[in-house]
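Structures given as structure tokens follow.
Look at the two complexes coming up: subunit A is in both, with subunit B in one and subunit C in the other.
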Partner chain A sequence: MINLYISLLMAQIKGQMSYKKSFVLELIGYLVVNIIDLFVIYFIFLKFPSIKGWSMGEVYYLYGVASVSYAIAQLFAESLEKVPELIRTGEFDHFLIRPRSPILQIMPLSFRLNRIGRLIQGAIALSLAFPILQLELNCEKVMLFMIAVFSAVIVYFGLFLAGAAFCFWTIQSSEALNAFTYGGVELSKYPITIYRPWMRRLFLYIVPVGFVSYYPAIAFLEKSDPLGGPLWASYFSPVIAIIFAMVTWLFWKLGVNHYQSTGS
Partner chain B sequence: MFINLQAYLTFARLAFQRQNAYRVANWAGLFTNIFFLFFRASLFESIYPSGTTIGGLNVKQALSYVCLTQAILMVIPQWGVIGVDEDIRSGQIATHLSRPINYYLSTLSQRLGSSAFFLLFRTLPILGIGAFVGFLFLPTSIARAALFLLSTFLGAWIAISIHFLAELSAFWMESSRGIKMLFNGLINFFSGMIIPVTFFPESVRQISRFLPFEYTLNTPTLLYLDKGGNVLHALLAQLTWIGILWIVCTILLSYGERKLVVHGG
Partner chain C sequence: MIHAENLSRIFVHHHTSPGLLGSIQGLFSRTSEEFHAVDKISFHIGEGEFVGYLGPNGAGKSTTIKMLTGILVPSAGEVTVNGISPSRDRIRHSQQIGVVFGQRTQLWWDLPPRDAFDLLGKVYRVDRHELKQKIDFFVEMLQLSSFLCLPVRKLSLGQRMRCELTAALLHQPRVLFLDEPTIGLDITAKEVIRSFLKYLNREKRTTILLTTHDLGDVEELCKRVIVIDRGQIIHDSDLFTLRRHFGHRRLAMFDLEQESPIYLPAYAVEVKREGKRLWIEFDGDQLRMPDLISEISRQASISDLSIQEIEIGRVIKQIYSRT
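After this line comes the complex of A and B, so read on.
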């Protein structure tokens, strides 16, 4: 199964690399777009002392983890945004009659290597954060970092899946879901304490993007939590993430069962 | 050119109606816009130490700024597809160029037609909600509101021309996606969509003054807030950029036209 996925992926990458000039330009374009965000944070801290008690280094850390995780999820799961188009054209049928999971078949479909631009940007954010913070890296820190990235990737993956699943009912891609996907990334760039209580609750407990970015970060940065969250919350993040992804997967299953071909 | 005004108005009206056909999509988009209004406002609410004025804006003005920019970001396209690159790739552009109608102006009026739709169905509701939750203070006079509208129209014209220019790159490369992404990023940043241009360090602000981007979104917004300096200067700057971009678009279009080879069949 994985072999199939990898060979489909390689075919995609080869295809994109054959247009070298376009590929390089897209990579640069995407990188610049993202680097701009890092300047924005710097500009904010030139004018303002802190963001709700978070220093520039701390915000760069938070931002870096969010970016790296989103980039990884986007690289592998972005194709799921194609599902509404596949449903409309009736192409989705092809994926159903083949004896492999439709998710695995769709995932490499529009794998866009230039998304690495975001990964690079996230890495830059982190490399800005560490010298400013002057933290001592130990085993626990490395683990917290891994937990943070892993959990966030899983949650974003779940969001892509949920977005695709919705289309079985709405047929068209729903821009409303952008509020949760792009909104989720946007939210996890800054400490969740800056948001209103209703937004906090939504992104801590229902779409846990906030949960998996905030708690591991405060543990990593050794900050006290004004929300008074439990200490184990950071280590619990992967569990929350997996539960969320499972729910979205069940939702997807439900969608596939509900699916009736467009026919013609 | 002005003989064809009727035709351009028809283009705009048809684009308006096309937007109107996707009502559900519009509701979904509005929902997302409002969500992001709260995201963006939260940041400004939390960073302002009480009673301070930063970059010429106090917290109330900064929140109004967020609300206004969020309300007009679909009217003054920050990203998006004008359709020029698609026309070039598919060869359709040959048909368009052979018509007795200016391609730049017809494309422009189509996108302006969509902008008119967004003005009614995105801008107004977002401003309404912004005023209701206390982000937005109402315009100090009817003249201010009219000025804001006029400047928004000019800003939309500039932004559409910038996208038009970016998409023209499809004449010279297989994919205009990279260039478009780059332009989207530049507009987003220099227009003041992410943070007001008045927050920029002085050196960056100096560069931004000589680029067209801040005249799209920032100018109408600061005019509304009465922070835009001399009104006449602001409008003149916008008109100048419209002139420059119009000329550049026309020149590049004719260069592209000469290079154009359409596979017949």
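After this line comes the complex of A and C, so read on.
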């Protein structure tokens, strides 16, 4: 499976090379735009020492985890945003007549290496967070960090998949769903306690972007949870993430069966 | 090999009023209309058959092919190919079929065919050694060597179609579905593809289902013809029966000594006249050929005459117009 993904990906990159896009320039542009965010956080905390009990270092940590995981998910799953186009042109047909999962075949379709810009930005945020927080890194911390990133990647992946699945009914890409992907990633950059209760609940329990970023972060940062969430919630996030991704996958399957192709 | 039983596909069209307001309204209430693209069709195709699947545009040809290939899920009825249900067991099914859509490409636009073949080898899990042999075989058979390393976007349609065929056959499928494979091709390119398909069907016993608007394809390749119109099968027979079925109509061409009007007996119609040359279509059941000749020779002296079979195209047109 991974073998095929890499082969298809290499083919895609080879094809893209023939247009000679300036990869480095795009990467720098992308990085600059994203780094402005980090300055914004810095200036906010110059005025207020803490926001609802969260310090600058803690917010940088949250921000870093969200950025790194979204960048990873985007790197692999962004091509799923091409699905509406594939459906409209009928090109999706080709993925159905081959003996492999359509998702696996679509994933390498557009691989934008410049998304690494976001990954770098996330890494910078984390590298700012650690010295400020002066936390001792032990095994448990490393594991909590891995759990946080893993769960968030899986949830974002599920969101990309759900967005693609919607298109089997609507044909057009659904802007409404972007509120969850892009909204979700923006939201999870900051502590979920600052949002209104209905929004909090939505992102904790229905689209668990908040859940998988908030609880592992609390445990990592050794904070007490003002929402009174249980301690095991942080270790439970991968399970929540996988369940969420499974549900979106079933939704996708349903969509494929609903596929209508095009005339002629 | 292919069994279809009461196979149907219904599309539901939603009507939305134009404009932004209309699309917002469409979210809450929609009027919908059902369209039976394929309506309870049944047929069986045996192993090694070469079947032409014909019909006018919008008759349901492509919808049928898409159900047989597992792209579309049938609304009702049963279909199996080699005992496998295309939509329920899609992965296993796609390993045993090859598909060519004449209007689209399954190659990679910016990559040379060579790379595409290697990739497809991986997609279909073809053993490396075997893949190389296969590619060499097709390169030789379809004369691909001169453009094997050019990006697909630079190939001519004929070159590309030969590559599409190769791409569809690398995993040695037992059934090949061809949706208008000769569309837009010149005569030489058509000829290459036709003789290759003949070879494939005869030597490799590949079952082939072909849709086309090119009746040359049908006459040269298909031993059996299924005609579909408005979602229903209106004719299914071998080419010979099809011809005989409508073959009581004959076309005779007369060359006369002089240009003169001819009064024809009943059951004969003058279809064309070019100076001294005259084409007459007649019903062979009602009017015997010798009677027609003696009738005409009474009115004018005949210098030459020939009888032609009615082309399959006219036969199929007649079927279309009868329904």
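In this section, the second predicted complex is superposed on the first by the 254 of 264 C-alpha atoms of A that agree within 3 Å, B and C clash if a C-alpha of one lies under 4 Å from a C-alpha of the other, contacts with A are read in each partner's own complex, and residues count from 1 in each chain.
Quick note on the criterion: contacts are C-beta pairs under 8 Å (C-beta built on N, C-alpha and C of every residue); 3 or more make two chains touch, one makes a residue touch a chain.
Please read all numbers here as calculations on a predicted model, not as lab measurements.
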| item | value |
| --- | --- |
| Subunit B versus subunit C as contact partner of A:246, first or second or both or neither | neither |
| Partner contacting more residues of subunit A (subunit B vs subunit C) | B |
| Subunit B versus subunit C as contact partner of A:15, first or second or both or neither | second |
| First, second, both or neither for A:28, with subunit B first and subunit C second | first |
| Partner chain(s) touched by A:142 [first = subunit B, second = subunit C, both, neither] | neither |
| Partner chain(s) touched by A:194 [first = subunit B, second = subunit C, both, neither] | first |
| First (subunit B), second (subunit C), both or neither touched by A:4 | second |
| Which superposed partner A:98 touches (first subunit B, second subunit C, both, neither) | second |
| Subunit B/subunit C common contact set on subunit A | 19 |
| Residue numbers on subunit A that touch subunit B, as the complex places them | 19, 21-22, 24-30, 32-34, 36-37, 39-40, 43-44, 46-52, 114, 170, 172, 174-179, 182-183, 186-187, 190, 193-196, 199 |
| In the complex, subunit C residues that touch subunit A | 11, 57-58, 62, 66, 69-73, 87, 90-92, 94-95, 97, 99, 101, 103-104, 106, 108-111, 115, 118-119, 122-125, 151 |
| Subunit B residues within the subunit A interface of the complex | 24-25, 27-29, 31-32, 35-36, 38-39, 42-43, 45-49, 54-55, 173-175, 177-182, 184-185, 188-189, 194-195, 199-201, 204 |
| Interface residues, subunit A side, partner subunit C - complex | 3-4, 7-8, 11, 14-16, 18-19, 90-91, 93-94, 96-101, 105, 257-261, 263-264 |
